[in-house]
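Only one structure is covered here, and it is reproduced in the block below.
Going by the order they are written in, the chains are A, B and C; count residues from 1 in each one.
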Amino acid sequence: MPADVAGVGPGAADGLPPLVDHHCHGVLRYEPDLGTFAGYLTESDRPPATGTTFFDTQAGFAVRRWCPPLLGLPAHCPPDRYLARRRDLGPDETRRRLLRATGIGSYLLDTGLPGDLTGPAETAGDGGGTGYEVVRLETLAERTAAGARDAEELTDTLARAVREAARTAVAFKTVAAYRHGLALDPVPPAPGAVHSAVRSWMAAGTPRLTDPVLLRHLIELAVATGRPLQLHTGFGDPDLRLDHADPALLTGLVRATADTGTDLVLLHCYPYHRQAAYLASVFPHVYADIGLTLSHTGARAAAVLAEFLELAPFGKLLFSTDAYGLPELYVVGSALFRTALAAVLGDWTASGAWSADDARRVGAMIAADNARRVYGLPDD
Amino acid sequence: MPADVAGVGPGAADGLPPLVDHHCHGVLRYEPDLGTFAGYLTESDRPPATGTTFFDTQAGFAVRRWCPPLLGLPAHCPPDRYLARRRDLGPDETRRRLLRATGIGSYLLDTGLPGDLTGPAETAGDGGGTGYEVVRLETLAERTAAGARDAEELTDTLARAVREAARTAVAFKTVAAYRHGLALDPVPPAPGAVHSAVRSWMAAGTPRLTDPVLLRHLIELAVATGRPLQLHTGFGDPDLRLDHADPALLTGLVRATADTGTDLVLLHCYPYHRQAAYLASVFPHVYADIGLTLSHTGARAAAVLAEFLELAPFGKLLFSTDAYGLPELYVVGSALFRTALAAVLGDWTASGAWSADDARRVGAMIAADNARRVYGLPDD
Amino acid sequence: MPADVAGVGPGAADGLPPLVDHHCHGVLRYEPDLGTFAGYLTESDRPPATGTTFFDTQAGFAVRRWCPPLLGLPAHCPPDRYLARRRDLGPDETRRRLLRATGIGSYLLDTGLPGDLTGPAETAGDGGGTGYEVVRLETLAERTAAGARDAEELTDTLARAVREAARTAVAFKTVAAYRHGLALDPVPPAPGAVHSAVRSWMAAGTPRLTDPVLLRHLIELAVATGRPLQLHTGFGDPDLRLDHADPALLTGLVRATADTGTDLVLLHCYPYHRQAAYLASVFPHVYADIGLTLSHTGARAAAVLAEFLELAPFGKLLFSTDAYGLPELYVVGSALFRTALAAVLGDWTASGAWSADDARRVGAMIAADNARRVYGLPDD
């Protein structure tokens, strides 16, 4: 392994246990062309501005830093050279080489995104780890609705679908932030309101679920199962209104679910990660996630991780990559996490602010132990 | 004094004058058990999540860094060992040893919190300094209401109570952020509205004051006295809705009080400290406070202090600890302030951005001079 | 040139091309006294608080760091000594000496501010560069209204004035953030609504334009010309309600203008620069500006620039000084940009996160290339 990526890989010298990637997605089974590849480096769903490229971003630079050496090329080589090498190896070999360099032992994979993507077991298998499924509520609801005959039936099958998913899924996820924003009613809707919303949804004929009553109802169904609920917060694709994704808007919902015994995991959070960390600090059942944020801030990952670590109790922060489409994003997410963690905790240890023992212990908590406890995962 | 805490203490080598802690609270007169002690390390009023402890936070690590050496133990020793040593010494001796190591010369103590706590003179006496009282408006109002017979009388006695408190108090404080949020009406309520709100409050039979009309009226009464008014802004316990505590929401009230001659001091501010610093930069009568924030961000104190120092004019920023319950929080608040200030100003001096003379001058301003001027304190 | 300002100046060793200052203002033609000078160091329009001075700010310290050596005085010399030297040289010689040390090659000057200020060609001439005009929509409208006889005519002349300005102006600018806030209607007002708003405005007899219908209409007129539109976002003078200037509030307007072919440039942005960078990352026609922010955060410029560079694609970030009134602010804006850029990119290159080639390329993009492309400027 080139010196450049020392510390990336299961036996890395950084002393971390195998990582638990508590929120990620499948990767493409086919070989992407340059434009498709670049499209996965951004949250934009539009073309780059004239005269610009999505490679000229922190995510793009991070891919060029960490991935070429894993395929036998120099770090920072040009995108087309990297893509050519990738084509030579083919998508399967590329995926295996990249995933095996991440040191991830457990993959909690959200299966709610479209595309010809690897599933949980398949992804984990390529990486030499174990796969688990995270069920996206809105996708589950939209699939369920496709086969429903009337509102009565759909209301029932929705509830059953969530209960059944909970038997195998390790967690649920909601993207209500995209569909409505996080200013959801703390009080779950009454059965009559649910039923009437289901009826309107069916009548509208558009599968995409955006009704805040139904979004809130799905959350209630998920919370009732006791499985941890992951909530998209903070930045994402341009469907989203950023200020409506501030996790502070969830305060009412957080209070309303405080005694259910179900944990809430705030995903991504940026640029409201300090708000998310605050919620994690005052509500026992709230956790915060660093995924997506580190990958997209690249060279700034240590600085942003340090901001999470201001208010977030160390038992409340969870590593993930939020990788999607490209195995490169698993590499980048794990490498940035490892180097950022080493930089931040190294500084604090060197200054005497933290002891070395505490730093090791906290590193393992964020990397794996917290997720293992929250999701009830077996020991590796 | 162990090398680890060099720089903490009245004769510290950092050249700062005796600190003015312009916002703090009493400490427990009795010896807390481990759970009670840990509860003061967080703003949460709930138990820690299963598998976690409040010691695993920046505040917890900061206590373990700075306090054990002051009681003859190694830095970062385990909490139970530290608590055992504390028990051996007893609460009085512990308090004296810890407070005397802070280098605080003036204690402006908010007496509005419940519990068997030391008062201003008692706290300051243990620390070898001078005590002053800050009167919390809502507590004053709730105490006043307890003895009132009718709304007419209560309206009058509230006004009188604030005026009388101003004769001895060095400042007022409002926690309207907790009770309603900071989106208060810029226009003070008319007498009729106040009277009717007082009547509703008495009729409700719940002492806790949450009516925005009365909260705003109390602010008006306080502003009329000319004493500086401290306003809770930013994070706090989970009563609070974080985004409703953004100090930018105070803009209307700030404008409405611009010509009263009364100063407003925005407490805590985090994570909206840049917003608070902005207000301090454009409104002559607005000041910002770093207390609570530095203690709870621990190893990140220098980074957060630096963010305050982006827009805040150097004559507008005030040191405090916001210590509450534990003398350890006085140690942590002052030690983190001293080390953060030295780190930040040291960097800027080393790079040539600031002159050493300016750095010394600005350090003294934030540590003591600004507070001395705002609160009209006598020279030490 | 003193070592202290190495790197400032057209032939600076930092390898940047001549800077394009894509948003700036004229400077005073006359010699300011100390109070007038100090007033330009702050966004406040009020006197400093008793016992404080506007020189005790990051902007004040930055001026004292960078400017005295350019006039033959030691860095950090006292303000009165600097002002005396300035008087000896006179305003013309001072302006020439300072502007020529900035390395700015193109000045895009907003001519919408009052005062005896240098114009685009005059300013650029003193600095040895080329001047362009940015037309402020609200000023243009208010000037147009001064001569109008009735609403019919004014509605027409407004539209014509914007179209005509577009023939010579390089861009438009709106200060709707000051006049109303950024929560503008995404949908442009219908002709009837515009007409009725124009009528109300004329009837009110106050020239200052604050009607959100007219502010939105002016934006629509400007967007229709195809010239880039600069929008004030983030901090500014106390007219502004800070939280109403969060660029995230523009999301609806951004979506509504996505297919017009017109670029939107978010000015200043602080403390919402991460939100601005997010918008620039997901919408092809959105750009973000660092001007004003670096000058007012001084010793923190590198830290703040790094925050911009988290999500902002490197082809989407633009240098400016937002200098106004004082040629010193051109010096400070460009010197802070150069040193901050060198510090940030130097760190990332040293750690291996970025290649040296990429760092050089990105530096030139932010300094000049991006603005050159967005505004369609000729090569120097």
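Just so we're on the same page, a residue touches a chain if its C-beta (ideal position, glycine included) is under 8 Å from a C-beta of that chain, and two chains touch if they have at least 3 such contacts.
It should be emphasised that the depicted structure is a prediction, and the values quoted were computed from it without experimental measurement.
Considering the contact criterion stated above, the chains in touch with chain B and with chain C alike are A. Where chain A touches chain B, under half of the residue numbers in use are shared by the two copies, so each contributes mostly different positions.
Computed from the mean C-alpha positions, the centre of chain A lies at a distance of 37 Å from the centre of chain B. Annotation for chain B: no residues touch two or more other chains.
The part of chain C that touches chain A in the complex is made up of residues 246, 248-249, 251-252, 255, 258, 274-275, 278-279, 281-285, 306-307, 309-311, 313-316, 348, 351-355, 357-358, 362, 365, 373. Only residues 4, 42-54, 56-58, 61-62, 64-65, 75-76, 235, 237-238, 241-243, 270-271, 296-300, 303-304 of chain A touch chain C when the two sit together in their complex.
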